[in-house]
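Worksheet for the structure shown next.
Note that the chains take the letters A, B, C and D in the order they are written out, and that residue 1 is the start of every chain.
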Amino acid sequence: MAKKTRARPSKRRTGKSGASAVLKAVIEDLVIGNRILYVQDVVDSYGHISARHPHDPQRFLMSRARAPGLVISADIMEFGLDGELVRADERPVYSERFIHSEVYKARPDVNAVVHSHSPTVVPFSVTQVPLRPIRAAFFYPEVPVFDTRAAAGWTNLLVSTPALGKALAQTLGQNSVALMRGHGNVVVAPTVRTVVYRAIYTEANAKLLLQAKMLGGPITYLAPEEAALMDKEQVRHRPGHGSDRTWEMWKQEALARTGKLR
Amino acid sequence: MAKKTRARPSKRRTGKSGASAVLKAVIEDLVIGNRILYVQDVVDSYGHISARHPHDPQRFLMSRARAPGLVISADIMEFGLDGELVRADERPVYSERFIHSEVYKARPDVNAVVHSHSPTVVPFSVTQVPLRPIRAAFFYPEVPVFDTRAAAGWTNLLVSTPALGKALAQTLGQNSVALMRGHGNVVVAPTVRTVVYRAIYTEANAKLLLQAKMLGGPITYLAPEEAALMDKEQVRHRPGHGSDRTWEMWKQEALARTGKLR
Amino acid sequence: MAKKTRARPSKRRTGKSGASAVLKAVIEDLVIGNRILYVQDVVDSYGHISARHPHDPQRFLMSRARAPGLVISADIMEFGLDGELVRADERPVYSERFIHSEVYKARPDVNAVVHSHSPTVVPFSVTQVPLRPIRAAFFYPEVPVFDTRAAAGWTNLLVSTPALGKALAQTLGQNSVALMRGHGNVVVAPTVRTVVYRAIYTEANAKLLLQAKMLGGPITYLAPEEAALMDKEQVRHRPGHGSDRTWEMWKQEALARTGKLR
Amino acid sequence: MAKKTRARPSKRRTGKSGASAVLKAVIEDLVIGNRILYVQDVVDSYGHISARHPHDPQRFLMSRARAPGLVISADIMEFGLDGELVRADERPVYSERFIHSEVYKARPDVNAVVHSHSPTVVPFSVTQVPLRPIRAAFFYPEVPVFDTRAAAGWTNLLVSTPALGKALAQTLGQNSVALMRGHGNVVVAPTVRTVVYRAIYTEANAKLLLQAKMLGGPITYLAPEEAALMDKEQVRHRPGHGSDRTWEMWKQEALARTGKLR
């Protein structure tokens, strides 16, 4: 359908017709980000990534309910900050879209959100061992743990209401990562490329910390002072550096394995 | 051969000739399920998946003795609930088909069974550490351990008789998963897609639990109340949700890696 | 060169020209076995597999010195039981061919040998934890550990002389697997397909045992009585069962990933 | 562009035009080495490999700032031993090129350097457990740990100045590997093929040691006497042996997965 709409000239800015170059770029990054997170084993068939609408901070963009490894640009929908669809659409939506909507509400600095069950992070959500930074500078100030049980008693663990999303956003606070007990984690960043970077290195740091724990003895964590200097570097986005370098590689791998974007 | 039979018009419902659309759909899911379990590393060259016959609860469908990653639709055979072939066939059959036959006998609610040696589950079968749920809601009431040694003394560990199958089914009881000491596990569900889902997340949960154990200290398991709410959600089968979402992804991966279904 | 020789009619049984169907089959299995061991992560660029010559028990067949994942049938050479080349050949040979020659000398029941550095087995060679069977029935009577240091003092750890090969064969005794300290292991069997099977499940059992150790507490090993019954089953070679089933799968994977055999 | 330049006859030895066969061979190995390190999971999108210029020991060759898995021959640049570009070039350069420049200054025996974050090595950099040799002979005399904190206080951990590079080179001393706390490691060797070999087996040895630690109890390390004999063998470079055998395999895998070299 989206294709038909695009073919007909239209005055209204519906769907992707008439989309600005900036919006198109965000949507493309979002689709590639879905694929990267799948190919890099951060998400399996579950988990999702969203981006704040570049022209309207009260909206965000996210795929219809679908495995991230299969998402194409026609799957991207627009949502308002109460998690509602901006335009009527029959296609299924993620029941946990409130993770995204409430984080965008609470954090004007955030333009991209990933929710995943990335495998080595989950064990930290069900033990008393804090997920501390060995290499992931963006773990400061801390990586808090959200538990639906504390927020709402017995649930199916899904953040499927605005109230649960709000409670999660409160636990996240001004941090970049929050764990969700027995479930997964949420990662936030100023851009799609940075949130993908952070989601991948959240998993990587969890693996490093698990292994360091297995070796035993005291662990030298990244100092907050070091982390601050590193993070400044990582969000600078110089060509060939930081997430610009990783994006080129991850994108090639993702497209080679999962096919075309539309 | 199967192809030849199909080509000739036939009154008798032999093989897949004259198969109803429902039966064809179950067989297709079964073949795809074989491939998925292989590609997702739940089975290697051993292990098998079966489905109860959609038109006759006294029969079930399963491949001839073959590595699951190679199964095509012509490999699917029909068995009765004593593990006997419904039609004479020279091709080798799984010696452990009694796992399936006896579970179908004991559990009218079950329409699909997976037996696998999924790698991270086996260690739980030979230690005293119970396989408890971190994310796998269907582990409740419990994941019992079946031991051929307790049931029949010294054996080759294969469940290759109706008596051993019956003993295993008794250990399984009303649960969804039972471990088999030094061997593997059996997973059951109302549908092929759900049993594939459960087999994959049984392995995933075993990995999470092993890692949580390595981190040390107390572990917050899924509460039975939470699990009940989650499981209700997972068996609902809404388009784009639960095992519908995972199936689309896993199917694409499985076919890309293992080729055509017939 | 081998190709040229084959093209010219020749009375002498040099190379593969004039090779019997039996010999051709063994060579084909050997080449496929090389590829399988690589694709299944038992060998990396090192390690080797050999087969006793089907027509002359005083000879064995093995690739020239080359990474197993690249071996083609023209690479297969003939050696005598002192590790010497049967025919003059300029191509480099494995310096550890004496592992094979001395095992064939000492064990008339053995027709195939694998030497590998399979990754999870090595840790058992440098600790006091014996590699005991969780699923690998062929670990009985035991898995001894050979140490070049005990046999010959300071060496480069390579079994590169008949004397070291003989010492290793003595440590192996009547067992099917022996570890080599800080180096790897040797696995033996009556056929190429069985030795490939055993090499792969030696690694698999090491992984299971490592994980069971990590879970902690007592471990229920396979009893010798159970292992004897299992092993009888596994060496029976019925179509669709045992290593016949695994070979079909592994062969397909190996050829898909590593290309043609000649 | 490089192609155009090459087409025109030129007297000056600029870029790769007029490059000698020796230089071309080093550049080809360097490009393949980049790809191998990526495909063998030693580097992800970060990390780099360099080679001393074969005709001028005061220069070294390294890619522009780019993910190693994507490097082509046109990406290779020339640097002086203060880390400066030999020829003006607008393309971004690795900020950690001083790791390479200072090692080449301090170690005339070294002709190739790898810096990576190879995943299982990092945990050894943040714990008190020394990375000792189970199979990696080149770990002798020792594997020291460099910490930017000791050398320069709070930094972003990057070795992005000559002073930090010099401090790292001093910690490395006459060893072949040094760890960098919370960051990665540096590996050096007489040739590109050997440094790739060492970087890969540094990661492999870290995995073996981690697993041996998990098994518990005393560990038999490679003795210095054994290591000396092994290392002599490994740097000999006979056709079909040592890094010659591994290079053929790794190269084929790397090109199959990452494409053409230019």
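Note that a residue touches a chain if its C-beta (ideal position, glycine included) is under 8 Å from a C-beta of that chain, and two chains touch if they have at least 3 such contacts.
Just so you know, these numbers come straight off a predicted model, no measurement behind them.
Novice: Name the chain whose C-alpha centroid is most distant from the C-alpha centroid of subunit A.
Specialist: If we average the C-alpha coordinates per chain, C ends up farthest from subunit A.
Novice: Check the residue numbers that subunit C and subunit D use where they touch, and answer same if over half are used by both copies, otherwise different.
Specialist: different
Novice: Any idea how many Å lie between the Cα centroids of subunit A and subunit C?
Specialist: Whole-Å distance between the two chain centres: 47.
Novice: If you average the CA atoms of subunit B and of subunit C, how far apart do the two points sit, in angstrom?
Specialist: Going by mean C-alpha positions, subunit B sits 33 Å from subunit C.
Novice: For subunit B, give me the residues that contact two or more of the other chains.
Specialist: Within subunit B, the residues that touch at least two other chains are 214.
Novice: Among line, ring, star, complete and other, which one matches the pattern of chain touches?
Specialist: ring
Novice: What are the touching chain pairs in this one?
Specialist: Result for touching pairs of chains: A-B, A-D, B-C, C-D.
Novice: What does subunit B use to touch subunit C in their complex?
Specialist: It is residues 44-46, 64-67, 69-70, 91-92, 95, 117, 119-120, 122-124, 126-129, 147-149, 154-158, 181-183, 210, 213-214 of subunit B that touch subunit C.
Novice: Can you list the subunit D residues touching subunit C in their complex?
Specialist: 134-135, 204, 207-208, 211-212, 214-223, 225-226, 229-230, 232-233, 238-241, 245-246, 248-250, 252-253
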